[in-house]
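Read from first to last, the chains carry the letters A, B, C, D, E, F, G and H; within each, the first residue is number 1.
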Amino acid sequence: MSVRKGFCDLGFAKLDTDRKRRKGFAEVVYSPGKDKKHLKKIAQKIINLKEDLLLTKLDKETFSFLNKSIPVLRYNPLAKIGYFLAKPKKSFKGRVLVISAGTSDIAIAEEASQTLEVMGNRVDKLYDVGVAGVHRLMSNVNKIKKAKVIIVVAGMEGALASLVSGLAKSPVIAVPTSCGYGSSFSGLAALLSMLNGCSPGVTVVNIDNGFGAGYFASLINNTPR
Amino acid sequence: MSVRKGFCDLGFAKLDTDRKRRKGFAEVVYSPGKDKKHLKKIAQKIINLKEDLLLTKLDKETFSFLNKSIPVLRYNPLAKIGYFLAKPKKSFKGRVLVISAGTSDIAIAEEASQTLEVMGNRVDKLYDVGVAGVHRLMSNVNKIKKAKVIIVVAGMEGALASLVSGLAKSPVIAVPTSCGYGSSFSGLAALLSMLNGCSPGVTVVNIDNGFGAGYFASLINNTPR
Amino acid sequence: MSVRKGFCDLGFAKLDTDRKRRKGFAEVVYSPGKDKKHLKKIAQKIINLKEDLLLTKLDKETFSFLNKSIPVLRYNPLAKIGYFLAKPKKSFKGRVLVISAGTSDIAIAEEASQTLEVMGNRVDKLYDVGVAGVHRLMSNVNKIKKAKVIIVVAGMEGALASLVSGLAKSPVIAVPTSCGYGSSFSGLAALLSMLNGCSPGVTVVNIDNGFGAGYFASLINNTPR
Amino acid sequence: MSVRKGFCDLGFAKLDTDRKRRKGFAEVVYSPGKDKKHLKKIAQKIINLKEDLLLTKLDKETFSFLNKSIPVLRYNPLAKIGYFLAKPKKSFKGRVLVISAGTSDIAIAEEASQTLEVMGNRVDKLYDVGVAGVHRLMSNVNKIKKAKVIIVVAGMEGALASLVSGLAKSPVIAVPTSCGYGSSFSGLAALLSMLNGCSPGVTVVNIDNGFGAGYFASLINNTPR
Amino acid sequence: MSVRKGFCDLGFAKLDTDRKRRKGFAEVVYSPGKDKKHLKKIAQKIINLKEDLLLTKLDKETFSFLNKSIPVLRYNPLAKIGYFLAKPKKSFKGRVLVISAGTSDIAIAEEASQTLEVMGNRVDKLYDVGVAGVHRLMSNVNKIKKAKVIIVVAGMEGALASLVSGLAKSPVIAVPTSCGYGSSFSGLAALLSMLNGCSPGVTVVNIDNGFGAGYFASLINNTPR
Amino acid sequence: MSVRKGFCDLGFAKLDTDRKRRKGFAEVVYSPGKDKKHLKKIAQKIINLKEDLLLTKLDKETFSFLNKSIPVLRYNPLAKIGYFLAKPKKSFKGRVLVISAGTSDIAIAEEASQTLEVMGNRVDKLYDVGVAGVHRLMSNVNKIKKAKVIIVVAGMEGALASLVSGLAKSPVIAVPTSCGYGSSFSGLAALLSMLNGCSPGVTVVNIDNGFGAGYFASLINNTPR
Amino acid sequence: MSVRKGFCDLGFAKLDTDRKRRKGFAEVVYSPGKDKKHLKKIAQKIINLKEDLLLTKLDKETFSFLNKSIPVLRYNPLAKIGYFLAKPKKSFKGRVLVISAGTSDIAIAEEASQTLEVMGNRVDKLYDVGVAGVHRLMSNVNKIKKAKVIIVVAGMEGALASLVSGLAKSPVIAVPTSCGYGSSFSGLAALLSMLNGCSPGVTVVNIDNGFGAGYFASLINNTPR
Amino acid sequence: MSVRKGFCDLGFAKLDTDRKRRKGFAEVVYSPGKDKKHLKKIAQKIINLKEDLLLTKLDKETFSFLNKSIPVLRYNPLAKIGYFLAKPKKSFKGRVLVISAGTSDIAIAEEASQTLEVMGNRVDKLYDVGVAGVHRLMSNVNKIKKAKVIIVVAGMEGALASLVSGLAKSPVIAVPTSCGYGSSFSGLAALLSMLNGCSPGVTVVNIDNGFGAGYFASLINNTPR
């Protein structure tokens, strides 16, 4: 199993061992749909290569299975993230603010936060400040002003992203969640809402993709000038 | 052409002459897709019956055609409404506030306003107070608090409806507009957003249905206690 | 945990303690997707603040969990609503009529009814009067005429909303339900049908949102003149 | 150009000359998207074969082009149908009732009616009896009871199909029209509504397919016992 | 519980006791989403009224529950239909042919067949004759020619409806099924295919609505001349 | 403007001059949305490089513009293809059969045919053999059996692809067209139908993508063994 | 049970015994939605007829049921394929390359591979070479160049199909998978992506239809010249 | 017209004069759907306030109208942007790379570029490097590596965003375009593709929203560290 070509061929998988050099962070593993034994071999290999390991959308049962053979693996059950840090990281200077609209969006907000922490970012959290009671957000405008990057996690109508962006100088990354029912169509309403925001300075990731938002925020936070 | 049975049979149409008694306002005519001559006969008949006349989504050219034979017909070109009032109305006590998110939503806001005025309501307008600059709305919270009914007209992400509702004691009627492009999908984004609002006290009408919102607001404003 | 700023910060949640003053009714809690322990803390806090408590879409199992520590919590299993009234309410003068098209729509109709009752409204019910046998509705036209506000709950093709509106002077709030199969697409058919009704005087809430309809109807019923 | 195999090969087209024997009516021609000269050759060939000719969705300009070389071709501009009857038809015994919800649906209702007449059916028409004023329909229940087959043409929410079916013993064929705007999505709302009707005894054809409904109704009317 | 007004009010339900007189067959009960006890009361009432009883989409478990108190209730598990005939029926003269494209469509085909038999029709079945091996259909063209009405049940691409219609003089009722995966989108592909068929003489019912097709076919078969 | 790296940089475009070596045919140009002057420069450059030129979806007006400066450019107006062959091609041994369901699908069928001819294939055409009159296809089964590759072009319900595939040993490439109206949703019905065909041996290209089907068929026809 | 007409009538099924002669491979059985006993009878009959047997989308439990009475039946649990070869096959000369974008797509890639092997093809596999680390693909360009046919299996954004096609002279069959979440909409994102690829030489099969891709690739590989 | 409250009330519009202080750039004006005279007044007001002016999606005809009264207004016809800079800007240190997949995407790429330049960014362009000929991109990997922020503009299948992201350390902003036809559904295919990209480090803006991507990129480029 040579890694000369920038990847490590496990037959069923080709680990991208060049990823860290190229993109600044090792290959991240999306867990669903993978054979458990395949997942174990991938995780073990990454740890053996002394890379940071990040397993997203990892359910508790699969974590338990992996944990038996990989005791160093840690797990954030709310964020559904399994992880292992090869060595301690120095934090970036800026702070990332993770905002959630409601308490039902917390799992995805935590996914973003956990990703940010694994990647070496200082994270502030501002949860449950949806537009139904806008004074909760307005009382925290200073947090918005101080953040170098902002992540807004919201389901239902996803209105919070536009509102926060209207108050912020920093870039806002919007994460629609599947929280809601009926014509929320599993997050479609929030997704479309966020894509069509009237305030500039917002970009969007996939529904429930807290990881993607955290990763992207880390790139910005880490941007040299 | 008897109206004994509560309608007036024109062959191609059956005018609902009982509408005013039953619903409080005469039959309203949706103009698109109708043969011009049919439309003229319908309009003339309603005026002859001494009913109020309201023609919605009426384009300028069709108005000109009708106006030749019906000189009493008036027209609001922004609202695309043709109308004739059989007799002056006494205004209801309460005030209806029509809010628009942006200047591109004004045509639909005007459709709601014009409908309200024809039906005898006092209308206040608060235009261009979208969430991109929320202080514009916040400076007008008193108007929101004073209104008996509120109509919020917004395209793009339609976030304004939730925000206004969070500040208002009165019922809020949300009108999604087709303003926007790309994944606004001709108003679908705003529609879904408004249907999934996190703040209670909001109901929704069809995309671009300023008339329907005005009509419904008038019903509430006119509600006896 | 100060409430000085109009909210009570529980860390994971910011209870909107200003909601009653601002909107006339305390914060309502949407139960799905929330951590059970979070839900318990929120419910306890609201009761401690001597506010009315309303938990929507609350399944039986979660209610049982909450009920152990909050014995005053009551539950309507058909409506899936948990509630606690801080003090008895004086009823509004007008009556709200809740109409359901079929017996499969009763759960959502009950959600609307229970919400109305918690908010202090007198409720009349007219269930199973769908358009397949229109004489059932026609025999009850007097109930329609007497109601100050009407809620129509219907799945499948949702035709009942237009029909009732054509007979009513009062505002009609339409609730599409997910009752149906195949191309009902979990309530989409009824939703679109209700949004496109040919009779004015109808507004629409989200699919299965009995609570939202009840809340809005209560606002109208409570409208001062 | 032999027709031995049951078709007549024009190179670009293969006229189904066996259609009348097999299905009881000659091949019907859908006009849009066809080259004008191709259309002319097809029409001429059918007339030469002494078959009935029916050209659907034929716009005025194309009719004028065809009419120059085929003076026997007749045209119903409202129904957008061009036709020629090879020989007079004896009418079927039963009557078909064509109902339209609004005056904007008349073009499609006429397409159905014209198709029925070309195929030898006696047609009754009941236009503009939508559910917004249900007494217009109720005054005509006797027409519904007498019809052997019923076609209901409706746009917007399409509720009329269910209502008529609830009153009728005869089969009801529902035609959704593209009349409406916003979330009618060019007839989708009416289509879904009609497919999900709560009253049995209804089947549905494509949006704006008045021809298809008329053709099918004629098959039923012509059904031997 | 009077039935004077044409319905029997059970509080939660209003049995349409006038249905048989008006439409020729008693009220049919759609089982899903109904409270079990409600369903039992409805079934018992209909039997007490000496009407025919038809319960559609009835799962096995609910049937067992009902059967305990209603031993006369019969059940077709493949068709998911529970039924009871008040008195034996004389069969209509014509035959209805039920065709299925594949063996995975049989449950819905049986739902249509069972409905037809309960309503007094003679049924022929032609199963598994999909277009992948068209000779299976071609060997049975005589059955197609002899049928007074034809039902075509097909999932996946639903092509069979057009093909059968091209060979038949009789009306064809198409039933799309949810059989398939991926972009069949639970029957949407077959539904759209059937609505857009190039051969006239086809109408469509809802996805998986075998009952609706059977009911409609019975109306045609029973059509007097 | 060097082509050393396998492309020719025109600033606004990078012509893929390595395409022929890599894929066997030079870069094909999709015309819509391109600046006319850009298009002219691209076309001229390809001709100067002595490559074959193929411009797809080229409207007549743009062709006329190009033709002024590029007199060698040829044009098939039905197929909307502009082309220039650098040198005569030797035809492949196998024959490709292009089948169209109706005469309204001919433009796309011609796009496939013209592409095939430019790429050096022998093409047979079988037009207007849709399933409404299946004997037209059945009379030509021998053509189906002899073809090395088959392209089926069909709009509306797109049933023809499955049917042809059920009769053919050769691979079938299905091209859905936007021919149709209402719920054909501009070709979506045919697309889904073709993707869900019950007969194996079919693959699908984009709606109206006659070029793509022709190109792919040519690859198969050219496959060495 | 005669097979004289090219099929074997089991009552509930009509086995297409002519399939092999006509299409080169016996009838393939799609397992879901079929009654277990029906499936068993079909499988036994095919084996008795000495045909090759292929059961797709066969879950483990149903295989176990079948295996009890049909011990010769073999099973690939990853590919969810049950199969039995009547006699050993001589392999075709060309090689088919099956590429998967990620490890979560392997099940569908295996379905394609297993189908290819049953049909007598030599298969090469190149798994986990998605565009996130394009060097993994670039290191294997020689495999792409050597393959006679290529299958690309990818979920999420499905970008790999276009990329591979840009490098390949051979035809590429794209299989979108349902791997992904949120706005992947169960494979819709990958499906649309693959249908709209900018590189010619790609056709598409249904979401998760590994079998269909394998079958089609085998047809090409088997194409005589 | 006071601006004390942070906005300037023009009656029909409320200019957000606080925008620059709050967000770092003055209010940007979305031109479509606005009354021409309204647009003129807004533009004049912003210039009078000595703010930078940016008018997006401005068609040529409206520009000409505005230009008569506002001669200082400049126009980029390809980008459809009208603009006026109050004073020269000092450029940010980092460079933004704007990549387009094809020449049909250039208009949107230019919209992004023009926005970036107006906001004071140094822009590099890399046009027409779509995945159909990946060597064009690979020859420019150094440009990707050097950019501080990257914008990828692509229609059709939008695959380029994932590919670029796989090669880049910097954040990638993806802009789907409406370039394409058929099942590209006016950019939906590219939008979904980009939202579901398998390579982390990508966020997405609305279809054809070149302005939004440019604005966001500028925020990142301007991020202090």
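Note that in this section contacts are C-beta pairs under 8 Å (C-beta built on N, C-alpha and C of every residue); 3 or more make two chains touch, one makes a residue touch a chain.
Source: prediction; values computed, not measured.
Taken together, chain D and chain H share the touching chains B, F. When the C-beta contacts at B-D and at E-F are tallied, the pair with the greater total is E-F. Distance from the centre of chain H peaks at E, each centre being the average of the chain's Cα atoms. Just one of B-H, E-F or D-E has an interface built like that of F-H, with over half of its contact pairs in common by residue number: B-H.
Centre-to-centre separation of chain F and chain G, using mean CA positions: 26 Å. Taking the mean of the C-alpha atoms as each chain's centre, chain C and chain G sit 50 Å apart.
One inter-chain figure worth recording: chain A and chain C are separated by 35 Å, centre to centre, where each centre is the mean of the chain's CA atoms.
One inter-chain figure worth recording: chain B and chain G are separated by 56 Å, centre to centre, where each centre is the mean of the chain's CA atoms.
Residue positions 22, 30, 102, 132-133, 166-167, 182-184, 188, 191, 195-196, 200, 206 of chain H each touch two or more of the other chains. Each chain pair that touches appears in this list: A-B, A-C, A-G, A-H, B-C, B-D, B-H, C-D, C-E, D-E, D-F, E-F, E-G, F-G, F-H, G-H. Those residues of chain B lying in contact with chain A across their complex are 101-102, 130-134, 156-159, 162-163, 165-167, 180, 182-185, 188-190, 192-200. Those residues of chain E lying in contact with chain G across their complex are 78, 102-107, 127-129, 132-133, 135-136, 139, 179, 181-184. Contact residues of chain D toward chain E in the complex are 22-25, 28, 93-94, 148-149, 166-171, 173, 191, 195-196, 200-206, 211-213, 215-216, 219-220, 223-225. Looking at the complex, you find that chain A touches chain G at residues 5-7, 11-14, 16, 18-19, 22, 27, 30, 32-35, 38, 42, 57, 176, 178, 186-188, 191, 206-209.
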